Amino acid sequence: MILDNTILWQFDVLLLPMVIICALAALTIKDLVGAAIVTGAYSFLMCLLWTEMLAVDVAFTEAAVGAGVSTILLLATALHIKRKAKD
Amino acid sequence: MIAAQTPILILLAPLFSGILITIFAQKSKNVAFFLLILGMVGSFSAACNVLLQVLQGSGPIHYRLGDWPPPFGIELVIDHLSGMVLFMVSGAALLTAIYSKHTVEVEIPDRIHHYYTLYTLLVSGLLGMVATGDVFNLYVLLEISALSSYALLARGRGLAYIATFKYIIIGTIGASFYLLGVGYLYIKTGTLNMADLSTMLATPEMHQSPSIKIGFIFIILGIWIKMAFFPLQGWLPNAYSCASTTTSCLIAPLMTKVSVYIMIRLMFSVFSADYIFKTLQWQQFMVWMACIAIVVGSVSALAQRNLKRMLCYIVVAEVGYMVGGVWLANSNGFSGAVYHIMSDVMMTLCLFMAVGAVIYKTGETSLEAMRGIFRRMPITAAAFLVGGFSIIGIPPTCGFFSKWYLITGAIETGQFHFVIALLFSSLINAILFFRIIEIGFFSPFDENGHGTHQVIVVNEAPAMMLVPMVISAASLIIIGLYTRFLMSNIVQWTIPVGL
Amino acid sequence: MDQIPFISATPALAILVSLAAVPLIVLSSKRPNLREFWTFAAGGIKLLLILSMAGWILAGNTHTYELWKILPGLSLKLKVDGFGMLFALVASALWIVTSVYSIGYMRDQKEHAQTRYFCFFAIALSATIGVAFAGNLLTLYLFYEMLSLSTYSLVTHHQDEEARGGGRKYLTYLLGTSIGLALPAMLITYNITGSLEFSSLGVFPEGVSKGMLILLLLMFVFGFSKAGLMPFHSWLPGAMVAPTPVSALLHAVAVVKVGVFSVLRIFTGIFGIDLLAAQDLNTIICIIASFTVIVSSCIALTQDNLKRRLAFSTIGQLAYIILGAGLASKLGVTGSMLHISMHAFGKITLFFCAGAIFVATGKKYISEMVGIGRRMPITMFAFFIGSLSIIGLPPTGGMISKLLMVRGAMEADMAWVLAVYLVSSFLNAAYFLPIVYKAFFCTEEESLFPQEYNEAPVCCWLPPVITATVSMILFFFPGLFLGFAQVMMSG
Amino acid sequence: MDNVLTYIVSGYNYWAALILIMIGMYGMIAKNNLLKKVIGMSIFQSAIILFYISISYKSNASIPIIAHGHGVADHTAIDPNLYVNPLPHVLMLTAIVVGVATLGVALAVLQKIYRVHGTIEEDEILESIKE
Amino acid sequence: MKRLTLLLTLILGAYLIWSVEDLPEWGDPTSPASTYLSPHYIENIVEETSVPNLVTAILADYRGYDTMFETVVVFCAGLTVLTILRRTERKNKKVSTPRPQREGSDIILQNTARLLIPPMQLFALYVIAHGHHSPGGGFQGGVILGASFILLALSYDLKKTLKRFKESSMLFYSGLGVLIYAGIGVVCLLLGKNFLAYAAWSNFLGITELEAHSHGMLGVEIGVAITVMAIMFSLYADLASGGDLDEGL
């Protein structure tokens, strides 16, 4: 029933590992600017996931806020401080 | 017509005054202060009105926002418990607002109007949290109060930024846990309205569902972080003690108490006594935790040399009182906890105000700032004494009666360790306050150990600070004397079914 | 029922009158004479108010006045009965005498902060009368704590290092025991019985286990540690750092007697002497009290500081009173109630004398007082009378009460208690009489004082003479106090 | 095979959300670098949003905008099964905004910390406090 | 500490994932969440509010109270960042922050931005206005508007942008947006209905209650957009310049 044709569960199966990988990467990359950009990618993948789950408004907002403004804010901060993180 | 609208006015008054301060009071701090007081007075009078309505009427007041019927729209629910807490919160906020005039001008010289705006937002967030009948709305308001408290706390001295950052991290974990818990409840029930949730959660299969249990755990954990309950109390003393005087006067009494209120509300209005005490059965464990919280808080308070930090640890211990009282799972313990919310708001307010006045006058924050206090600032000292006696639990201050109920409740369930913890903390508090009284009473000794009796000029804090302080000190005794009235007219009605 | 011959709020007024004097005292701080006038006025009115109730009480009635309904089912309540009257009368009468003495002492010593002193004195008195008239345990506890706190500033009046140490000890013991022991005991009692009212039959229902009763008894007895039972006694010698009038009134009359009074109230009102006797609880009390009596008397023998010797003597006498009550026989309890008043008059005389000696000569130690009788004959004669009263010899009131307690011991068939009374009386004699002997009967060479008459100011020697006289009068006419005690025990 | 797949798919989103929550929480608590903590926070919050959005999803449904012609005009009944549950979307819009607000505040405090202490490594800050 | 945290998170995570069993299947149309409240919304929203975008309708009307406070959250965040960063305490500044260096001005970037910004803002207005019928609304539109200013600041520099959009006007607009939202609610209250009951506007504006709902929502969306726009840019301006409002990135 769940595995019907109207839903993109295959897409889902592909995207979720990528999201998790992005999350792990964002936390482990030592370069903070890189980490900020990976966080942006994470947000963008999330946004795709939500579109796939038909949450268009949420995806729209996340695209503007999460992938857009948040990333810029993170970047702005990362550029203001020492770029290398210890862990 | 207006009477029906008062519940919403409680929150709108501070909210509007905040917005208007931002828009119109960029230049003049007096206008800002005037608007602040206006908002607080409006909120307080509306809260009084609502409390009276609740006391006179039968049953809780429901206010539908946007006229939508409850499970679809959001509603405010004001019953005896929330009416009382609204009254206390708006009252304390009004007193602190009056008190703030002088200290803010000294401690936060620039951008006072922003400070005041954040102040009003914090207050409206807290009031909204108390009044709401919707679990998700609670989250939004939780975040408002959290965000504005971050700003207020960061404008402190010393390590304020580090402390605030820690608070942001842990506070966000708390709020997110709460949100996740609400998610678990939503997934199992499909509703967000508290009353609706409680009817849906009353079925036996819901009682057995692990998801509901997880939801409950997350929600409770989130709130514990917010109220700094052991072992999640680490952020509180740093954050509060580095804050400026007004901020600590506002936040220390209100935040933890409102969080305790929310815990009570969620435990008994969303879940039920049946579920928590019969299905989960954590009473023993929780009361032990409360005992540890009390002991840890009191002992840490003893180790402090800084007045505000000492008070902060007392706040931690007091949270243990209330949590323990609620989890005693009988009506006496519950009444004690509710009554203690009321009295503790006033106690901490009074103490923080008195200490703030001392800091304002001396510029010192260590215990030594209290030297010669009885002659130098007699009124402040008297207020401090009354507050201290109340924390110790000396009749007829209200602290005695809350302990009375808590201990009675503990004896009823045979949890004598809680009795011992309460008494222990009373004794520690007695030591704490008499240590300060000694410092205040004895002037420095000469080499023979004799008092020097130097002439100390009376140098009292300004009236704007004294009046709220005296009011809060007096209220401690008044609450104590009217215990019977409060118990039979308010607290008794708040006792949930099944206790 | 007859119409009461006084306003029903009289007990409350009696408590409030000295509190009302506080603002007046503060306001007239610049004019010492006016300030002292307020003290006397309040004292006089208080005594009159209390006396106005005396007749009614002696006739075997009691009077209850509800102050305030504070908790559901529990109120702050005043109740005047024989025992309370007895104590209130003693305390308020002695307040006036002590005020006279205080003025002499404080002015002569040029003490600082006299206004504060008189203020807290007045508050302490209110609390004492409050305890005396307390109608239930909660009210009693309230005034008890009020007394502990208000006397702190009196004890530490000198504000020097010694005073700080004494004050610390004072509060640690008093607050520690009252919060740590008496409060939970009260709450447990309330939980078991649902009532904190005093009732001569006791409040405990049948079937409360003996272990629980013993536990509660011990918690109460030690919790009201103003009674000075060992091992919670050492605050009392420590508190002797206070100015002498304070020691005199508070540590011979108000504070310690409040402790004993509270313990006796617990015995008679909460447990009920029948229960004590039936459950054999009185043996425990007797053992603790006897131990304290003997040990403290022995310690008193070794003290050279006069005030400290008096302090240990007080500890012994307090234990005496509790011992009397612990006999759980009517005579014994009557005797111990009576002893509260008799000892008060005797001991305050002694303290006044010690203070007068200090004022006149600056001497504190007994070894320095050889021959002082020639210099201060009046004072030392009063001292002699006071000692007789403590020892229990005629013609002083102390004898009457001791006699009653001894008879009580015989009635209760406790021979060993008799022995304790006997031994301790000897010890009392042993630590008091040598002082008097050395003061008067010593050779010229031994005397440390030149042969001249030089008394302390009249304000200092008159009060001890008055109290000593009263002590003697009480031997011949003990009727009033005895009446109160008997009314209490029969009613 | 289909059974296994069904099993996986039916819980897969929740698993991912919970794993992400744990990753975020670990980052917030255990990371030494304060900016990493902030990133952990933002992961945590997005993960919760994912959790909610997963609740809202219904198979065989469409986006929560009523197709033209349905509703008032012709009084044709609207079949609830045709649209996904809109309520979690609403809630999560709020949560996103709250998330960015918290992020901004955290970054502001972080910049201040860097100015005062010269570092954003937690252990170095603790050391500098001790001195 | 780290190990302990890892262990704890692993245990907690394992327990949570194990308990997913108890949750309804993903996409199950019969789960309680899909069968309890949402059918009512889906069936009745068009009748009750005449807005086909369910999310907008619930956001701005049924749960309008939430959304008002959400706007307040944004407002609060802007103020918070401002109070924290813009403090005039230059004396005890230990470290001079390393500023990202800007090498000349990039003509291509600037011209592209110049071309991009007007349509961007136009699109934002569309998103706000058309939120009733298509995805979008006040938040999204506001963020895009704010982003257009951020883009301007990124491609030129912050100072120049701040000349166009001053800090004091940012504050004014952020307050104004909340005021519009709350004001619309309060007018409802003054017109005799409950707070945020847009139907109250119908007599006042001479329209049907249904239209009043729709108009009310549009009004509050505009309020939201104004606040969000001002605050998003203010956040960027403060964070990018470390609170000095001079150069930016």
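General remarks:
We just call them A, B, C, D and E in the order they show up, numbering each chain from 1.
Operating definition for what follows: a residue touches a chain if its C-beta (ideal position, glycine included) is under 8 Å from a C-beta of that chain, and two chains touch if they have at least 3 such contacts.
Since the structure is predicted, the reported quantities are computational estimates derived from the model, not experimental observations.
The minimum number of touch steps linking chain C to chain D comes to 2. More C-beta pairs touch across one of A-D and B-C than the other; that pair is A-D. Ranked by how close its mean Cα position lies to the mean of all protein Cα atoms, the top chain is B. Using mean Cα coordinates as chain centres, the one most removed from chain B is C. Relative to the C-alpha centre of chain D, the farthest chain centre belongs to C.
With centres taken as mean Cα positions, chain B sits 38 Å from chain A.
Chain centres here are Cα means. That of chain A falls 79 Å from that of chain C.
Distance between chain centres (mean CA atoms), chain B to chain E: 30 Å. Chain geometry summary: the mean Cα position of chain C and that of chain E are 74 Å apart.
Across the assembly, chain C contributes no residue that touches 2 or more other chains.
Each of the following residues of chain A touches two or more other chains: 2, 7, 9, 56-58, 61, 65, 69, 73, 76-77, 80-82.
Shown for chain B are the residues in touch with two or more other chains, namely 136, 140, 143, 147, 150-151, 154, 186-187. A list of each chain pair in contact follows: A-D, A-E, B-C, B-D, B-E, D-E.
Chain E meets chain A in the complex at residues 25-28, 53, 55-56, 97-100, 135-137, 139-140, 143-144, 146-147, 150, 154, 232, 235-236, 239-240, 242, 249. Against chain D, in their complex, chain B makes its touches with residues 136, 140, 143, 146-147, 150-151, 154, 159, 161-162, 164-165, 168-169, 172-173, 176, 179-180, 183, 186-187, 192. By the touch criterion stated above, chain E contacts chain B in their complex at residues 16, 19, 22-24, 31-38, 40-41, 61-66, 69-70, 72-73, 75-77, 79-80, 82-84, 86-88, 168, 171-172, 174-176, 178-179, 182, 186, 189, 192-199. Residues 2, 5-6, 8-10, 12-13, 16, 19-20, 23-24, 26-27, 31-33, 35-36, 38-40, 42-43, 46-47, 49-50, 53-54, 56-57, 59-65, 84, 88-89, 92-93, 96-97, 99-100, 103-104, 107, 110-111, 114, 119-121 of chain D touch chain A in their complex. Chain C meets chain B in the complex at residues 68-72, 75-76, 112, 138, 141-142, 145, 149, 153, 156, 158-164, 167-168, 171-172, 175-176, 179-180, 183-184, 187-188, 190-191.
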